[in-house]
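Look for chain A in each of the two complexes below; its partner is chain B in the first and chain C in the second.
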Partner chain A sequence: MAKHVRSARAVEKTRRVLVYVILSIISIIWVIPFLYLIFQSLSANANPGSFFPASGDWTLKNYGLLFSSTIAPFFRWWLNTFIIAAASAVLQTIFVLMTAYALSRLRFKGRQGIMKLILLLGMFPGFLGMVVIYMILRLFGLSGSVFSLIIVYVASSAMSYYIAKGFFDTIPKSLDEAVLIDGGNKNTVFWRVILPMSKPIIIYTVLVSFTGPWGDFMFASLLSQGASDMAQKTVAVGLKALLTTAPSAALPNPYGLFCAGAVFVSIPIMALFFWLQRYYVEGIAGGAVKG
Partner chain B sequence: MTKIEYLSLSKGQRAIVRVAEGFKNFGLGFVGFFRKLPSKFTKMWMVILSPFYVLKDALINGNWITRANFLVCGFSQLFRKQIARGILYLLYEVVFFWFLFKIGVPNFAKLGTLGEFGPNATYLVFNATTQEFMPTFISTGDFSFNILLYSLITIVLMIIFVVLWFFSIRDAKLLQDSESVGKFSKNSDFVKDITGKSYQNVLLAIPMVGLLAFTIIPIIFMIIIGFTNYTSVHTDLFDWVGFKNYSNLFGGASDGANDIVQVFFKVLAWTLIWAFFATFTNYFLGMVVALLINKKGIKLKKLWRTVLITTIAVPQFVSLLLISQMFSGTGIVSRLFMDWGIIQPGFELLSDPLISKIIIIVVNMWVGIPYTMLICSGILMNIPEDLYESARIDGATPFKMYMKITLPYMLFITMPYLISQFVGNINNFNVIYLLTGGGPEFKLAGLTVPAQYGNVGQTDLLITWIYKICMNDQKDYASASVIGVLIFLVVAIFSFIFYGRSNSVKNEEDFQ
Partner chain C sequence: MASLKLEHIYKVYPNGHKAVSDFNMDIKDGEFIVFVGPSGCGKSTTLRMIAGLEEISAGELYIGDTLVNDMEPKERDIAMVFQNYALYPHMTVYENMAFGLTLRKMPRSEIHEKVMWAAEALGLKEYLDRKPKAMSGGQRQRVSLGRAILRNPKVMLLDEPLSNLDAKLRSQMRSVISKLHQSLATTFIYVTHDQVEAMTLGTRVCVMKLGKIQQVDTPQNLYNHPVNIFVAGFIGTPQMNFFNVTLKKGAKDVEFGWCDCEQPTLHAPNDLVLKTKQRYLNGDVKVVLGLRCEAISAEPEDVAKGDNLINVRVSHFEELGNETLIYGDLKEVGGLMSTSKTSVIIKATSKHGYKPGDVIKARVDMSKCHLFDSETEMTIIPAIPNEDVLPITIENGKMDLFGKENKPEALPCDLVQNGFISIPLSAISVGEGSVKGKVKSVEEVDGKHLALIEVGDKSLFAFVDENVKEKAAVTLSIDYSRVTIMDKEEKVIVSPLDEHDLLNSSFVNYKTAFEVTQNPDFEAEKQARLDKVYEEFGKIRADLDAEKAAAMEEANKAQIAANPNIAAKQAELDKMIADAKAELKELSATYKKDLAEAKQKHAGIKKEAIAAIEAQYKKMLEDETKDYKLAVSTNKDKEAIRARKLSYQLFKESLPAMRTNDISNKENALAFDSETEINGLKSRYAQNKFLLTSKIKEGKDNFNKENYPLKECEKLYAKKQAEFDAKEKDALLHAELMFFFKFDDIYQIIPNNITDKIIQGLGNKVFTKTFRVEVPHTAYVKADKGLEFTVTSLVNYGDVKYYKCVGRMYDKDQVIYIRKTEELSLGEKIRVLPDLSKCEIYETALNIRLY
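And then the complex of A and B:
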């Protein structure tokens, strides 16, 4: 018996070692591109073929150039993107939660219809509608502005109600009824009862609606194609343009500059995710996922 | 066949029975659909007719205040102490009619031809550089785009108006009815109503207007564009062409151009293959990683998770562009492969269709697994531990426990997520566009892709193909619209097959 227990333990131990080995390999695979990005950003000359910069090329100049270059006004891009992402995060969260609450906890004629309609609209490639929106915005002289991007991101917020609705679906209905009996109305139920209980899903929604515009390339590039003004660009569009820029006296290493900018863009999101990781998991586990 | 009979069969026989049952159910569902059709039509007919009964009732039995609503929306509300509601109805009516006569009617008149050329007018315009008046040609013709857009907006506003008009009349009749039994309405009723019975209208108003203006109208507009010849050649004035764009794609090109249908089906096939692999590799491998990290006795759980989350933090466009650079001819991966002798010098990894397809799917795993890992680890913690406990006592191996407990539980719970991932991947623009840009080019014997269809490549999805069509010099929005409609059909078919079978969609109130 004793021998049997020991061998079971040995099996368990080798299993654990194996898991550690696999996890280490996975971690290395996932971290390498990020390290590569950092090392490339520290190189004076573009040297994408090797992992580290050449021995005499180590420099911090790319980071300095990010804030001083007038050809590639990174700081303006960053600020534009931040304004867009922050404004959409606030507005989109409010609208998503409102839609999700209405579709989850209120019963009215046309509820199923709206849900089916949104499902149907989601199947149409959003990009095509975006072409029309671009032309409409151009008609009003709005294309390529920060404001137009905020409108575009916020206007479709009703489409992403699913996860918040899933979350609201799991909150017992008796709570609402108790408040209504105590003389509250549905408005108080929503703002005073349901929302305070929904911290994970609120944080999840904020996080998703911030990172969406923050990293979006397709709509930003489409809407800013009319704007020749470099200062109107977002980070994604500006950095992508750097990749196709030839080295010049003012920009000796566009590729390194791209990497430096990318590192700089990643840091806020990384901080947010480390800080709010728990809520992200709770939110999506409580929302996307119900049986 | 009873349950007992089924259980007494061998595994192979059971599989055959299940397939047969599947076909039978499908057939029954098909027949059932048509059998229910007459009763469905009757129901629909009732729904269509019922508003007319309401209107008839208001017209015959209503007093003059109620009847006034037929002409002036909100009239009877204003009279019966429903000021706020009355003003809203009236305001919409005024705005609508202003729009109809100012913009709607003039554009409707031109809808048939989509506008004419203006007189070839030359005007004297003051030129700032030469400081003199110069003869300058100015187009005085119509803009088809604007005609179409304003007509569409007018139609949408008209539909909304008819609905509101109906509601205002129905509401007026109800007010009259409750007055006749001595129940007079108060202004405070409005507040009570919008925080109670009609609270959904308050919540949904802004999101729905946003959806209408920036999703529904553009989509309808784009579908309509598919029936015109709107390209960079006809930017100001274009015409109706009927189904010509559709027949061009499917082999009926009259102007000698090669038909493109062969390319379309190749792109469609790759789109579906991609969506399948991208969804399922991410899902299963992400789950495996989550299981490894969540395994009992594994330390530093937070560290492993954090490492993977780093990739979520780096915006996708950055990591994809970077990886694309790494795999390109001068990139680090190609360099390493050359040093190790795996590939010949000068060989471009991304110029080979098969290799670039594999690279895309692998890179997508790198992008997507952290997300799946996060989601799965959230759910894995919720699986009741006693299930595993009893399985262990019965002597189940870890693999068996995974197949019989973990996997079914996960599949059941994450089905909606999985479906939305599949649909999302069909329209996944970023990975393809930023990684390969759609390349390498198609090399099909005897077929050159007409320029209007963009330089479509072998790793292009339908969505990136549309992007190329809209962005190249010809800007053939009409063809892009046709492909967009086809994507919609493909996605719709797939999602309805899946959604119909998902339990979590059917039982939405299980937890309330």
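And then the complex of A and C:
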């Protein structure tokens, strides 16, 4: 009997060791590019081939240049992107949640059809519409500014209603009915009962709709390609431009600058995630109905 | 508090499924009505239609005197308790209960008072600052009840409120609900599938099946006089025993023969089947005998009486403590495992020493038996019979019913020997006519007086006024147009004349009708309606103007008087506002401080508690390690050392999980305390803040009222004027709406109340539907632009006569019968229209009654 127990424990132990080894390898592979970026950003001369900068090349200059260079106004790009992403995040979240609520709670003709259509449309990559979107924006005289991106991102936001709808579907309908009887209307239901209960899904939506515009390259490059003004760029487009810039007196190491910028770009996302994650885990739907 | 009226309520889903059909019910103020039935019977749907959560497909729902079909739930002044409580999880108990009143903009102080009252009544006072997740099922349902009662609604709706609770809580909550009903005296409507709840709570119970009402009655009557097999089987545990039997009426008594087993016949007095149709009593027709378990007795002293005994083979017993249920079978051979047509359950005081397999004698109490038709499943001993069936003979133009008399001309039969005539009760009018009879007995059933009347050697039932007493002499008249005559084999020879003529029609609006007919009457009618509104509102407008002028003059005077003091008053107001604001600021500061302190305190407590647990575990590990080392160093036995090592390792491995578990338990326990305290702080702050802000607002309002009366007066009247204008516009719009029934090519204006009902039922689909108008023979009126008919013959039923008229509608012959009130000559052409207020109107596709 004792022997048997021991062998089962041994198997369990081996299994765990194996799992942790695999996980460790995967996480190292994940971290390597990031470490590479950091090291390159600390290098005075471009040396994409090696992992560490040469011994005499260690410098913080790239970070200084990020905020002082007039040829590559990184801070301006960063601010542009931040404004666009923040505005999109707020508007997108509102639209997504309202769409999800409508599709989850209201019964109207064509509801099923609309849901299927949205699913179908979502299967086509967004850039298929790029030309048309550009023309539409030009029609409205909005093609000159990167901030038109807000409209582009928000306009299609309702299409990602799916996860929020799934969440709303789990909130019992009798809560809605209780509000209606208590003297509220659909607005009361949405703003005063459903939303306060939906913190996790709100956080999720905010995060997703912030990171999308934050890292988008396709539409951003489309809208800033014509602009000769370096200030009319987002970080993704600006940094891409740095990669193709030849070293000069003002920009001795564009590659290092690119890497420094890339490191800096990840900061808001991380900050946002750490700020929001405490709400993320806070499940509050308990006790609404029999549980 | 209000009564409810449900008239021809239907719920039809888009796929054509009728969840509720033709639901009619009057609910009196303060009644406790229970809807009960198996799942899918439409009880919840009906309740949800009353609540306004489900649209009513057709029919009318009144709460009090108001038609509420198109009202939002919030306007209906109802409250509802849900099966799954439906509490708002992010709000405390207090906020949950106050939410409805807050939405209705009730002053905070009043809300507080009400919440406290409800909390007191339901024993929730100490939970007010908790959130629902920290409460048990019973407590949550009490919160839900509290939320409902504190609005003091006209009607309380409860949708299976106890289904999610366990048996003990359920009976507790049942008495809570019962007491609430007594103290509130509000109308309660309660839905359940549990017949015990229905019987114990309801003043009246409505049993439903497949969307239709089976029976509405007091629990007592449901139990004692079920109208059909379904109700009989549904109400009462254990279920009623059903057997197939035949009835043979003899001179002294009725003999019950068994169909599915060999048993001695039973006998019951003839009075039992007084209201039963003859055809059940000939000994051939199979009927269903229903016996409750207490109607069969296996007690030795009952069996000793010796009459109506049956033999029961015992299969098993259920002992319930104070009584015993004996399960058995009437067949003396065959298996006992499954229930069959001859299974029987008997209630006994004890086992009386019987054993499974014994064949015992049991006595049937025939006064407690129920009888049902085996096909329609309806009772055949109804409280009110539908018809009287009497023997009749007709020959040579003479009819032998109540003595020999002339046969009504219109009855198309010349020879009937020893046949039967079936007369609906509603076709007998007492106090008219020439047939003389004597009242044998009178009973009151459902508010109607039912008399058994003897005419010669025959007796029949009829409705009489309340002042007709026993042994009174009365006269009868019979409407022979509604009788059925059968020969002695019960084959129908004469069918009754249809009660209605059926006319098909469609629904059109004013524009269409006027375009087609160019009938100036329609235009005039419309103008008359508009004129009436103008006149009515013109009068009110004049009154309002005069009232305003007077009020303005008054206000002007007040303004002049107030003017000199304004500056001083303004300063006073400013000071008050400044004070309140300062107080508000202080309040907010204290609140923030208190909140931070409370949070810190609880964080401290939590940290301490966790530290204590960690220390405890650390010590446990240390002790164990010490113990282990000691054991290893002192012990010499290898096997023992290995065993000790194993247990030590196990202990070490399981320790972290136990610690985490303990910590999270502790954290949860502490979270309740801290949440309660913090919620308390929050709600107190919100309340005080509200008091201050409303003080400021009130101060401003009062200041304006006192010092600028002219402005206030203008504002008031502007509002009144706007309200009046809206009302007038509405009335004009409504007056302009005229609708018509189109009978072939003839148009008839539909009275407003009927239009409302039709549109109520069908919405904008009304123009695409066809309608069946069922016109009683008395409901025709002459009209110049009506349907044209030719009088073809006079149909003579003795006391009543009809003119048979034929016309053309939709390229077919249309026959109508008009009851004779005035002389018409044969062959005459007449133009008539139905009096719609006396007709019944149906939508043909779904067969929904609209009026």
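The rule is simple: the second predicted complex is superposed on the first by the 266 of 291 C-alpha atoms of A that agree within 3 Å, B and C clash if a C-alpha of one lies under 4 Å from a C-alpha of the other, contacts with A are read in each partner's own complex, and residues count from 1 in each chain.
One rule holds in what follows: a residue touches a chain if its C-beta (ideal position, glycine included) is under 8 Å from a C-beta of that chain, and two chains touch if they have at least 3 such contacts.
Keep in mind that what you see is a predicted model, and the values were worked out from it rather than measured.
Engineer: Applying the document's definition of touching, compare chain B and chain C: which contacts more of chain A?
Structural biologist: B
Engineer: Quick one: is A:P196 in contact with chain B, with chain C, with both, or with neither? Answer first, second, both or neither.
Structural biologist: In the superposition, A:P196 touches chain C alone.
Engineer: Which of the two partners, first being chain B and second being chain C, lies in contact with A:A178: first, second, both, or neither?
Structural biologist: In the superposition, A:A178 contacts chain C only.
Engineer: With both complexes overlaid on chain A, does A:A249 touch chain B (first), chain C (second), both or neither?
Structural biologist: In the superposition, A:A249 contacts neither chain B nor chain C.
Engineer: Just chain B (first), just chain C (second), both, or neither: which does A:F274 touch?
Structural biologist: In the superposed model, A:F274 contacts chain B only, not chain C.
Engineer: Residue overlap on chain A between the chain B contact set and the chain C contact set?
Structural biologist: Shared contact residues on chain A (touching chain B in one complex, chain C in the other): 172, 185, 284-285, 288-291.
Engineer: Across the complex, what residues on chain B touch chain A?
Structural biologist: Going by the criterion above, the answer is residues 145-146, 149, 192, 195-196, 199-200, 202-204, 206-208, 210-211, 213-219, 221-222, 225, 289, 292-293, 295, 297-298, 304-319, 321-323, 325-326, 330-332, 335, 366, 370, 374-375, 377-379, 381-382, 412-414, 416-417, 420, 423, 427, 429-430, 433-434, 462-463, 466-467, 470, 477, 480-481, 484, 487-488, 491-492, 495, 499, 503-504, 507-512.
Engineer: Help me check something: in the complex, which residues belonging to chain C touch chain A?
Structural biologist: Result: residues 51-53, 72-74, 78-80, 82-90, 99-100, 103-104, 131-135, 137, 140, 147, 164, 642-643, 646 of chain C touch chain A.
Engineer: Which chain A residues qualify as touching chain C in the complex?
Structural biologist: 2, 5-6, 172, 174-175, 177-185, 188, 193, 196-197, 284-291
Engineer: Which residues of chain A touch chain B in their complex?
Structural biologist: For chain A paired with chain B, touching residues are 12, 16, 19-20, 22-23, 26-27, 29-31, 33-34, 36-37, 48-51, 95, 98-99, 101-102, 106, 108, 111, 114, 118-133, 135-136, 139, 151-152, 154-159, 162, 166, 169-173, 185-187, 190, 211, 214-218, 235-236, 239-240, 243, 255, 258-259, 262, 265-266, 269-270, 272-274, 277, 280-282, 284-285, 288-291.
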